[in-house]
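Heads up, the next two complexes both have chain A, just with different partners, chain B and then chain C.
Let's turn to the complex of A and B:
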């Protein structure tokens, strides 16, 4: 039976390998037909910036990998509104459409899950 | 209860590996079953068979091996994360024609599907972040 799995992405895209490797696991969760959601918080919002080019530093482009999520059946993308306000980011800066959540809405999203992981 | 565990942090560098080991040992002691421990990100370095623990610190690698060999817990290492960090079992050493197998045989090198299976097959999935 499919499980509701939420991935919390809270790390900047290029400071470490965490973002890239986390996205790889999210794509596989999509392939395995789970009910997958993703919540971007804090510096993790930078993963969604448009105009990224990981090739410039010899790596893959995190934003482009995120762009593959819908093809893998992962369409429930959420982002922390207070984080965006703190970082000065809006929809216009992002490469994918997200649903903005305040803290109470994030608590409810987390509460609905079978699994919450990073 | 059936529990799966994810370990994201490297032993010693992150407290996560030690905390996860303690959690696993306690869960077994309390009668729970560990379905799988999945090592991801820098967590894969727990498999390093050539590490030497400092004399005045707990040997975390030995702790994980004990969990696998004495308690029959599956210790699964993500293949993509392992290869780029130099963690190879004998099969991967042969495939990539490297000098040595660096992962202890108590650990098995597996694909990411096993991470998702670890989530779906367990009552609880507990992540120890880096």
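Let's turn to the complex of A and C:
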């Protein structure tokens, strides 16, 4: 029976391995047909910037890896609107379409999950 | 209690507090117990007692934050529907 798993990503890419590790976990969950959703919040929004080039520091490009999520059945991508306003980000800056949520909607999203992880 | 929020660093509180539901519980652990010195609101608050003692904060914990033992920690996890670990 599929579980409802929410990946709550609030860390910037590249400064640590958290972003890459979370993406790998998301892909695995997608392959195993779990009901996966992803919520980008706080510095996690920077994972979605469209101008990324991980090659510049000899690494993979996080934004490009995120682009593969739909192919793994992961299409429920949410982002925190208050965080975006704080960071001065809009749809135009992002490499992926997301559904913007305010705090009340994020609370409801969390309330529907079986598992919430980073 | 619906969701148990674990906060292990003061900076993690920024991500946690906007998403608190009144029926949720928050357990401050590790460096998160430094937050227990202030009046927090929005849910039921606990702070892990061994972490408080380790850091010499026993006399500085705000009244509306309840000390929790490791056993209480287990009880809180068992009593909730899901656990969210807030990181910073």
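The definition used in the following text is that the second predicted complex is superposed on the first by the 118 of 118 C-alpha atoms of A that agree within 3 Å, B and C clash if a C-alpha of one lies under 4 Å from a C-alpha of the other, contacts with A are read in each partner's own complex, and residues count from 1 in each chain.
Everything below uses one rule, namely that a contact is a pair of C-beta atoms (placed from the backbone, for glycine too) under 8 Å apart; a residue touches a chain by one contact, two chains touch by 3 or more.
Everything numeric here is computed off the predicted structure, so don't read it as measured data.
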Which of chain B and chain C A:82 touches, first, second, both or neither: second
Touched partner set for A:53, first chain B, second chain C, both or neither: neither
Contacts of A:41 with chain B and chain C, given as first, second, both or neither: second
First, second, both or neither for A:71, with chain B first and chain C second: neither
First (chain B), second (chain C), both or neither touched by A:107: second
First (chain B), second (chain C), both or neither touched by A:91: neither
Which superposed partner A:32 touches (first chain B, second chain C, both, neither): first
Partner chain in contact with A:118 - chain B first, chain C second, else both or neither: both
Residues of chain A at both interfaces, chain B in one complex, chain C in the other: 18, 114-118
Touching residues on chain A, where the partner in the complex is chain C: 8, 10-11, 18, 41-42, 82, 103, 106-107, 110-111, 113-118
Interface residues, chain A side, partner chain B - complex: 1-3, 5, 17-18, 21, 24-25, 28-29, 31-32, 34, 114-118
Parts of chain C lying in touch with chain A, wherever the complex brings them together: 2-3, 14-15, 18-21, 82-85, 87
Footprint of chain A on chain B - complex, ascending: 6, 8, 40-41, 80-81, 112-113, 115-117, 119-120, 125, 127, 129-130
